[in-house]
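One chain, chain A, appears in both complexes that follow, with chain B as partner in the first and chain C in the second.
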Partner chain A sequence: MLTLIRREIRDQLLYIALPCFFSVVMICIAAVSSWWGVPAPISLALTANLMTGLFLGLCCLGTVQMHADRAGRISVLLSTLAVTRGQIFLARVLVGVLTLLIAVIPLVITALVLPGQIIPRVSSYHHVLAAVSVTISLAGFACYSIGLLVGWRTSRAWMLIGSILLLALVASLVWIKGFGVDAMAVLLLLIAAALFRAGSQFVSTSL
Partner chain B sequence: MNTSRRYLVNALATGVIATVLLCTGLFWARWLCSFNRHLLLPPSARDVVIRPSRRVATEEGTDPNLVAPAIVTAAMGETQRLFCGLGAAQYLGSHAFPLASDAWLWLVRLREEHPDKEPLDFDPSLGLLVYEGLDRYLQESDSKPAYRRFRHYAGPNGAGDKPDERFGRFISPIADPYAGSSLLVYDRGQKRFFAIQWDARGSSVRKGPELAAADNHRPVQIGAIEKNFGAIHMAVPCPTNVEPPVLTQYFGGDRVLVLDASGRIDLLDVKTLRIVGATGRLPTPMSPFGVARPVTPDDVVAYFALPYGVCNARQGPEWTYRGCAVATLSRDMLAVQVACFDPNGRVIESGGTMVSEYGKSPSGRVGESLRSSAQAAYYHLPGARALTSAKLIVESLHPPVLVLASYFAGPHQEATAGFRSVLLLPDSFVAMIARAGGDVMWWERLAWVFCYMIPGLFFFGFLAERIARDAARIGLARRTRKIWVVWTVVFGLPAYIAYRVTRPKVTLVTCTNCGLGRRPDMEKCHHCGSAWVVPELVPPAWRVLGEPEQAEAASPSPAEQTSQPTKSDA
Partner chain C sequence: MTDNPIVIEELVKYYDGRCILDGVSLRVPRGCIYGLLGRNGSGKTTVIRILLGLEPPTRGRTLVLGEDSTRLSANAHGRVGYVAEGHHLIQSYTVSRLIGLCKGLSLHWNDEFFGQLMETFRLPMDRKVKDLSTGMRAQLNLALAMAIDPELVILDDPTLGLDTVARRQFLELAIDVIQRQGRTILFSSHILADVERIADRIGILVAGQLVVDCSLDELKSRVKKLRVIFPERTPEDLYLTGIINQQAMGREMVLTVANWNPQKQAILQTFGLESCTEMPMTLEDIFIECTRPASAAAPQESEV
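== the complex of A and B ==
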């Protein structure tokens, strides 16, 4: 499994770096705003916009992982070794989770160190921070799962239009529902369904 | 997992994805309709003026009896903020200042402008209210006034500068967030009011009597009776050119308004901490369907109550309570209703936002007529009918089961929930029917609901018929076909999408018996039931001997041909 994960990371290094890049930019903005005393609403607005970039990066990662497999017939090659397609898919998803954690955890730490720069300073800040972090992570993972689903398509046009449209819908769910339990429940449901569907497609497609 | 179970789970997963994504898309379509409908309202239909004292406009703008204000104005405020600030903004807002709920934006602004503002907070782990105040003292060096911060904790049984178990615990307190150092608190757990006096030298707590269970009091707000501050403006103008006594906004400390969960506004005696009676209620804004039920705080997007009284400045700061003016903003933000109440809670005057139209009235009279702004925005203003039709179409595309669920759940959902509700539709036509007032039987309401659902049901019936045909063509089992048809009628488009995505991908071959397409992976034709006609590969017992074969038999073989010259040679 570790070999599969390593191979996946090596193959998609650029797309793994994309969400992390947005995360780093957000941290830099928070740090610079705090250092120069930029009003909190400005850094908050920038962070909110860059969050869309984070979602986009994760969706791209999922799409590219599946599309590269289909186009390069990677899983066909790997299936000749002692590896099942389920394991290949699991390794792929684990890479997605890893990328998400690498992107989100530094953001959470920054929000703890610099309160009010990434999340508005409110009462019961830690509770709000936890809820926002969990919801953002779930939304990011939902975007990644949707990317996995869309990336298995052979048509590039559908892949592009589908990923943009579905990404916009999933990302807007956070804006609509907020960071409460109901938003988390909807996102969890979406993630479970998308992962099952993507996995089922991947495993059952003939080589 | 066997094939049929995998197929079922696969279809369910696809259905879930389709439902969530489709409902999110439809949410934005509905949002666009609502936002554009709100923009249709002309500026004159966004405010309302009532004259409770019923004096002629040319007279001096005061009531000589000082019974009711001469004029009360109410208007829609920053309503676009509510459209744009959906769940995320609402969540952060409600956590910005939990005791003030929706007034967060104003409070945040206030805090940023006045960082020295004294904040009040509730610590749920301690069950105590926490107050950070400023104490004014004179400096010893130059006797100049200076300020120092102090923090006090208060519970039902006492207050002090450190948390103490002797103070007891508030279970679910509500307080006036703008009260300052004299705070009134109602604890929903203990069902009684408390008066807390914050003081750097020693804070104190006064406990009121427990509310009788028979009184059915459920206070939800004390002091500042408002929701979504800024979305609605109201004023009771006070003439500045008259000598006291004058009727103006009430600033007396002995009476405080308390909003009940039923929408009633009670009057609290601050000295005894008892409710002395009802002094008004939230007025019901006009709905697009005309009559609406009496509203509760959850039924309107915004409300604002302003007490007024007589101030006799000659006799010191003495106030006499005279009543209150209350304004509400409907949940679709298309109507404002304002009412003026006397001290006993009787309506003196009320009014709502109107749109004036010039034309022929139904009675045939030509001239100006007034319509409720909500009805005009749905049916009469230019472009209103198009938006109403679009709303109906969008709602018809929603899964029917969720539309029906909105009928039952809609009346119990908070007014602003419609701005962030993806699956249920609290602001749909169906939910409006559920909320409509009047003496209507439940089955009449349900009949109206089905009338509104008819376009959607027809459409999904058509899709179900298509699915039934296609499923029969590709040879799905009868039971599976029935399930898909029922799902499509119940869940609508998501079920149809799930079917199209998960249907078995088969290439049909022509059946030799019936001539229709049949599946190559099935034993029998799913149309006529005939089995495959397999030709038997038995070699025939006869053989056709034709001319060429005889000639071939007569002619020598190549070997013979090559050997013959040898023989002749020999």
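== the complex of A and C ==
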């Protein structure tokens, strides 16, 4: 499993770095804003836009992992070695989770250290921070799962249309439900459905 | 350990409503070198892909090392060496990186044997797979498949696209590898001379059906090509079961007959033959005769 994870990381290094890059930029903006006293609405607006970039980066990672596999017939070779297709898929998802954690955890730490720079300073700040962090993590993972789902398609047009529609669905969910338990529950369902569909497609189709 | 590393039962495969495999059944016993033959599009690669779990069957069942192909465990995968038609290697990797990956994902890795193979092949380790010649890719694929010390080796037209020298070199090495004890081989090829050199059992697929499944010696003994000279002209009422092909010219007739036996010989003698001589047949001759469109008389093991 470790070999499979290492292979995924090495092959998709650029796409793993993309969400992490957005995360680093957000942290830099928060630090600079705090240091120079930039008004909170400006830094929050920038953060919100960069967060969209982070989600898109995660979606790209999932899409590229599956698309590169199908186009390069990588799993044809891998699945004739001592691994199953289920293990190949699991390694892929673990890399997605790892990327998400690498991107989100520093943001949460920054929000803790510099309150008001990434999340608006409100009463019961820590409670809100926890809710926002979990919802954002789940939304990011949902975007990644959507990427996995659409990336297995052979048609690039369907890949693009599918990702736009499903990402719009995730954004609307968070927009309507806000950062809370309701949004988390719906996102969890969405993640489960997308992962199940992507996994079963990958395991059962012709390679 | 199962007695039959490969078992195929009533395998049926449809693609877009087109029947590719039509009820194929066969068993490959342990230690056997099985040559699977057939013309382009006869279903050889589909059989192999279904066996390896790369393709789901429409109906029927295939077992590899005792496990269902659709649910092969990592352990079973790790005991099968596969050399694919076209050599599906990761093109963007360098040779050394690909070797590292395969080594990391194998159950056993015979460093000594792999080293010997690499020394023989002299592959450039720092070159990308996509920059290797077809011959080099075939050699790399063979080396990777053999380094895991597989119980079962599946070779799907491994010499396709190789020049004569590379093909000979590849085969000589493959024979050396194959001769290691207890190894079962399923070998599909277009080049019948290659199969004849190494196979001890033959299967011939024609339009998705397995029309021949017997040992090479048995096949050669059962299909006879005879040059028959009649006293006057060739009779029009020559009825013999199992005639695959017949060509008449004056008093002479060339007959290809399946399931040849003394009864058939006696029937032929009733025509008062002037002479009846057996013509030598190579596997290629038999293959061509068996894969003619009207090959209903092709020999099945059950017909003996």
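Following the convention adopted for this analysis, the second predicted complex is superposed on the first by the 207 of 207 C-alpha atoms of A that agree within 3 Å, B and C clash if a C-alpha of one lies under 4 Å from a C-alpha of the other, contacts with A are read in each partner's own complex, and residues count from 1 in each chain.
Assume contacts are C-beta pairs under 8 Å (C-beta built on N, C-alpha and C of every residue); 3 or more make two chains touch, one makes a residue touch a chain.
Note that the structure is a prediction, hence the values are computed from the model and not measured.
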{"item": "First, second, both or neither for A:83, with chain B first and chain C second", "value": "second"}
{"item": "First, second, both or neither for A:200, with chain B first and chain C second", "value": "first"}
{"item": "Touching partner for A:186 - first (chain B), second (chain C), both, neither", "value": "first"}
{"item": "Of chain C and chain B, partner touching more chain A residues", "value": "B"}
{"item": "Partner chain in contact with A:72 - chain B first, chain C second, else both or neither", "value": "second"}
{"item": "A:128 touches, of chain B and chain C: first, second, both or neither?", "value": "first"}
{"item": "Partner chain in contact with A:178 - chain B first, chain C second, else both or neither", "value": "first"}
{"item": "Which of chain B and chain C A:49 touches, first, second, both or neither", "value": "neither"}
{"item": "Contact residues common to both interfaces of chain A (with chain B and with chain C)", "value": "none"}
{"item": "Touching residues on chain A, where the partner in the complex is chain C", "value": "3-4, 6-7, 72-74, 76-85, 87, 204, 206-207"}
{"item": "Residue ranges of chain C touching chain A (in the complex, touch as defined)", "value": "49, 52-56, 72-75, 77-78, 80, 82, 84, 88-92, 101-102, 104-107, 148"}
{"item": "Chain B - residues contacting chain A, complex", "value": "6, 9-10, 12-14, 16-17, 20-21, 24-25, 27-28, 86-92, 95-98, 108, 121, 420, 422-423"}
{"item": "Touching residues on chain A, where the partner in the complex is chain B", "value": "119-120, 122-124, 127-128, 131, 149, 166, 169-170, 172-180, 183, 186, 189-190, 192-194, 196-197, 200"}
